[in-house]
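Input: a single structure, listed below in structure tokens.
Chains: A, B, C, D and E, in written order; residue numbering restarts at 1 for each.
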Amino acid sequence: MSEAVKDAPAAAPATATPFTDRLRRPAPYLWLTGSVLLLLFPFYLDRFWLQAGLFAMAAAIGAIGLNLLTGSTGQLSMGHAFFLAVGAYGYCILAGESGTENGHALTGLGLPTWLAAVLAVLLAGAAGGLFSPIAGRLSGAYLGIATLALIFIGQHVLFNADSLTGGFNGRPVPPLSLFGLTFDDAEVVVAAVPFQSSEKLWYLGLAALLAGGLFARGVLRGRPGRALNAIRDHRIAAGVMGVPVARYRAGVFVLSSMYAGLAGVLLALVFQRTVPEYFGMILSLEYLAMIVIGGLGSVAGAVIGAAFVSLLPQVLTHYSDSLPLVSAPGTGGIAPGEASRYLYGAAVVAVVLFLPGGLARLKNPGEKKK
Amino acid sequence: MTTFIELLLGGLSIGSVYALIALGFVVIFKATEVVNFAHASLLLAGGYVTAVLHDDIGFWPALAVGIAGAAVVGSAVEFFVMRRYRGSDQSVLAIVTIGVDILLTTELTRRMGTDVLSLGDPWGDDVVTIGGVTLAETRIAAFLVAGLLITVFLLAFRFTSWGVSMRAAAENPQTAALMGIRLGRVSLSAWAVAGALAAVAALFLTVFPTPGLERATSLAALKAFPAAILGGLDSTTGALVGGLVVGVTESLATGYQSDLSFLGRGIGDLAPYLVMVVVLLVRPAGLFGTKELSRV
Amino acid sequence: SEKAKSSDDGAADKNGVKTGEGVTDSKITLGALTDMTGVYASLGKSVTQAQQLWVKETNKAGGICDRQIELAVRDHGYDPQKAIGAYTELEPDVLGFTQFIGSPFVSAVESRIDGQDKGIVLPQAWSANLVGSKYVRVIGATYDVETINLIDFLLDGKRIAKGDKIGHVYFEGDYGENALAGSKHAAKEAGLTVVEQKIKPTDNDMTAQVSALKQAGVKAVVISAGPRQAASLVGVAAATGFKVPVVGNNSAYAPQLLATQAGAALQKDYYIGASTLPIGDAAEGPAKLAEAYAAQYPKDGLDNGVIAGYNAASVFGEALKKACASKDLTREGVDKALLTIKDFGADFGIAHDFTDPAAPSTRQTVVMKPDAKTPGGLKVVRPAEVAPAAESFTLKP
Amino acid sequence: MTAAPAPLTVRDVTVRFAGLTALDAVSFTVEPGSVHAVIGPNGAGKSTTFNVLSGVYRATSGSVHLGATELTGLAPHTIAGLGVARTFQNLALPPHATVAESLMLGRHRLTRAGFVASGLRLPSATREARRHLERVREIAEFIGLDKELDFPAGALPYGKQKLVELGRALCMEPEVLLLDEPIAGMTAEERRRTAAVVAGVRDSLGISIVMVEHDMGVVMRLADAVTVLDFGRRIAGGTPAEVQNDPAVVQAYLGAQE
Amino acid sequence: MATLEIRELSVGYGPVRALRDVSVDVPAGAITAVLGGNGAGKTTLLRAVSRTLGFHRGTGTGTIRFDGRPLEGLRPAQVVAAGVIQVPEGRQVFARMTVADNLRAGALGARGGRKAAAAALRRVHELFPVLADRAHQRAGLLSGGEQQMLAMGRALMAAPRLLLLDEPSLGLAPLMAARIAETVQEINAGGTSVMLVEQNAAIALRLASTAYVLDVGEVALDGPAGELAASDEVRRRYLGVVDETAAEDAARAEGVTRTLSRWSA
């Protein structure tokens, strides 16, 4: 080839190779500072903030899963909350002991809690697999609303299968034990700081989020990710290129359900009791908002979006006394609950408007979505 | 047997209200390919305007203003929000409408407070009895209005240039523009029409036998989702049939819940979704929807 | 770090009053976890405003134990995550909670309350599932007991008799299912049959339910749902010529309903039970409160949430006073004080007894009837009374 | 890879759509290692033939065999797995993915990494990706796309996009390559270059190529055999020269030569 | 006189410069051809005229006047209303609508009344009988060539004053391509000016009176079509006329020596 042809094009966009990608990421010390901060939080923040952070971590895990499905494969799902419920309740049923509570009989298998957690995630995946006749065949709005059916079915089961779910009462969540460490409220003093469930769970949440994030990133950057994107962009062409479309659609649905299941287990551990009300349609919509706000198809986006959507109301309520505009409840004016909804609604609209790639783009505007 | 007929007719009558709501979804979807989650809040807006005005200016003028008001709100949503996203991914747009819905619903419920508002309709709690079966007059009105509006839109979509523009704009905005179609005007009109339809639906959703308009009314509007999907998101006929199917399913499942109690009680809400899932398994684009078309 | 353990309990002020969380030398902070933007917004608003009124009055009268009362309010909008978050946030800084709307959320934190936090929580929910905790104390008759009393009212008036069927339309969830347990018990005692109709809060149209109940031939209907459902049920029943009495729990009515199409029907043959007198009652307690409330919040209507909220706050206040007297304003001290309150709140029609955590504070129910002419829209038709079937009923085995 | 490529046999394939017979008992055989052109007027059924061959459409009757393997009724991805690759007449490229990614998609059938291996970044997956990226570069260079590897395919001009399609199909290392109008929308010079690529593929890889093309010049130059369709029926077949002078073909397709 | 004047037009898509100072005239009643290789900017030029650059996030500077009236600042629909109709690249039929509805959509921008539309429809059916046969089929299911015919027919429904054609013969069989050429000539004879972008330079240069050659966003050559057709450069690059030396040149420049070996791993 002639020399002239080898000249790089004038406006070469970011290269796709992982290596150069790594170079473009913020300097390692930024990561280091961030990690150290995250690791130190339990020593300084009180339970409220830790719990809020844990909610955000669980949401982030769930959002990563949804983003695999909706962002990367173009399969709209409004049934994510259902799989969260499967994870949360699955864990309780598998780990809980049989017995009676408030006069209701509760069935539990009493498995070791770590095993129950793993099985609960698998159970959520299996639930996703059961839905694959639909998930493999439908797309777009039809799939979105078909998955809405899961929410209604789920809530119905949660309320009615008393002996498994505890009905409206919910079930107590057995604390997780891992390597002899139990994530309950029994105090363990670390560096003169009493560690209760939130402090302990914090590290568990971080680990789960990190693992989940890295895994999803690997999937997206690898062969399956390409196949998923191809299905999103051109279903028939994907098939002709050798991608088994229905199997991949079903597969990613299962994977995303497993992420939801993991998020559900973590949420259950934080809540310490499962409540059926939680796993409703609003929750599913919040997850959708997370991935759009953060950026469709990107792992970092899911995390950022989840943090945003899940922390915003908590922060606003917390500071409701000192924020202008927002008035304390019962004094007339805009209640913090309302203010946070205004903000959150406006954020969904505005982020998409001004940052078409989501908040994740802010960090690194040049970077390709992924 | 009379119970069955009573439940059936009751289901058809509430079903026609769902059909009206579903029609609003269908109009937006046909014109912009967007699933409009903000429809419930348009409904709330229309109902609210009617409710606050009827005491002062009478029911019919209030309803007219309510319809116009909801149309204006719909247009405003299009003009200030949706227009800026033209060409974005379908699911992104759907999620944007969720954002809009949150904003509108919060504002409206804040205004409504905790009241139950009456729309001041002239039908009151009058009923007609046909062969031992009683039906609320409001529901008969709803049935007639839904049938009429759906026929009108069916014809409009098929035969007017507005309908052609709308479908063209939905499918390929750029080429539609090359045909001289004013995209802005088309989608603005779609949103305005959807708003107006929502206001009409709001009326029928909140008059007797339901007590009135209040903050939870928008939740009831969600029942139009399975209706729209079941019928086919881009089909006006589908909206009608879907609405009726949902109404009847819900009514029968409720009425016979004692006999169905092995499924757990209170499956009235759930049954339409189950029917929807079964329909989708057989017909992935709903009963009357256009199948996903693709050839290479 | 700040979180590092330092012992701060057991501190005592200059008067020798022991203090703990939520109490300083000049201030007692109480929490209120309410719903002013979600499904229970109308209840939450009245309860909260009434409690704020109580705080104001109490502070004006010099506070309690030389301390001003402060109410920290968090609106969770009936969202579990926010509710639990708000509890976690306020718990370290308050002495206890005068209000916690949403019994599922109360259940969710109950093990924390009983296990470690040990602050008093007065939920605004009347589910029997909440009874039994030393710290979570339900004020008033629980839904099951209330329902038994309501059915007794019907039996009393000879509206139904042995062998009849009664319908029960109830919400999925805590409230409805607890009430159902009551009606089943009452039915068993009186030889009735219950025809169940379970609904969801999104159901606003009771046409199908009425059809089904009519077909089943029920002689009366119990409704354990929201005001809207009650209005629709009563309205449809009246319009279709299904003339049976309808009784509802205290949450199945709101005065705003009188302005709707169902208003007339509601005033005919609909009865509501509650553990307080209606706010519009001529008795001194409600009358004084109604006046003060109307002066403070002229724009807002009066409903029974006002009494419920005010009553709960006063109970807490009474416990604080007793705790102050025994020089112990810690959570433990207040709890001990509450356990000695035996006969409180009779101004609102019913005296409450908090000495036994395993029982509701009362088993009496006032039966009322909607009435457009009284403020608050309710008038008493049967004063506080306990049905024999309710005397010994317990939900928990 | 297989030493002796297999013939592709199309026997009596009929495809009917509601009220329309798009293919009517069409038969032809593609000899191993040859370039076989399918020509005919618009709507004759050429793309439909491709759609049957690649499994996108199901034949109403008739059969397709690759060697001894029956392709009829198999799913598209299974057929792709057997080594049949194709391009699309109307581009089917992901708009935002880079050219490199689009080409890597072509490697799908040759690679193994699944959700678990990719998610855990097992060494096997990483190694595999690296090796195949290398090959993708090679192919891109071969068809003259090496400069565009990092561009989003959607922003390339039409002609380049057609090349990406060709490259993606080549990346599947096919035994049979189906090209639907590979040089439409190119200037004469670009056509020549693309034709050279196609010829180069046949010569260096020895695979069978089935090509739909309206540019008779290119068909004449490249094709070893030609099948002519009209209204879904095969109206002629043979060497390019034979076909070119067939009066039926002239009348239905070519028109009076200039 | 209806003339299109493009002056100093520069267009960019984000960082990509697609056109640089391009000036083109389409005289009234004439056919003007624009040639150029892939990525030369032909489509971009047409987009700039029809004001649809915005759909591709493109921005431009320079002036474009039609009949002396500046087109900048108009919306696409207003350009159509002025009588400028474009046949987009790559067919772009409304796939889910029927063939008949596609044609109706084409008539939306027409200025004539119902009668004119009926006449136009008759004419289109005459030109492309298959469109009449398939009137109720969904356009997305047509074959590639049939879609191209539909795209062309749709534009004719609008009775344009200036027709912008982006590769109208793309994917058409030789017979049909000739038919299109005739049609273009006929339309032109009826008083419609035509700006023709074509890869098939032979046809384009035969039809056009003047031609422009774009190269990487700039006008490389322009002049009467006959003259251009005779020039070596155009003959070699666009007309496919290969003489000995040119072929050798080409072979060297294109690196035909490249080979691909079999993947063996």
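Quick note on the criterion: a contact is a pair of C-beta atoms (placed from the backbone, for glycine too) under 8 Å apart; a residue touches a chain by one contact, two chains touch by 3 or more.
The model shown is predicted, which means the values in this text are computed figures rather than measured ones.
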item: Labels of chains that are neighbours to chain A and to chain E; value: B, D
item: Other chains in touch with both chain A and chain C; value: B
item: Interface with more contacting C-beta pairs, comparing B-D to B-E; value: B-E
item: Farthest chain (mean CA position) relative to chain E; value: C
item: Chain C-chain E separation of Cα centroids, rounded to whole Å; value: 75
item: Interchain centroid distance [CA atoms averaged], chain C/chain D, Å; value: 74
item: CA centroid of chain B to CA centroid of chain C, Å; value: 37
item: Rounded Å distance between chain A and chain B, as computed from the means of their C-alpha atoms; value: 31
item: Shared-contact residues (touching 2 or more other chains) in chain E; value: 16, 141, 255
item: Residues of chain C touching at least two other chains; value: 37, 45, 172
item: Numbers and ranges of chain D residues touching at least 2 other chains; value: 47, 56, 88-90, 92, 141
item: Complex interface listing, chain D residues touching chain E; value: 1, 17, 39-44, 46-48, 89-91, 110, 131, 135, 138-139, 141-142, 144, 155-160, 170, 173, 181, 184-193, 196, 200-201, 203-205, 214, 216-217, 252-255
item: Sites on chain A touched by chain B in the complex; value: 70, 74, 76, 133-134, 137-142, 144-146, 148-149, 152-153, 156-157, 159-161, 235-237, 240, 281, 285, 288-289, 292, 296, 334, 338, 341-342, 344-349, 352-353, 356
item: Contacting residues of chain B [partner chain D, same complex]; value: 295-296
item: Complex interface listing, chain D residues touching chain B; value: 47, 51, 56, 88-90, 92
item: Of all residues in chain C, those that touch chain A in their complex; value: 1-5, 34, 36-38, 45, 48-49, 52, 73-82, 84-86, 88-89, 92, 104-105, 107-112, 115-116, 129, 172-174, 177, 395-397
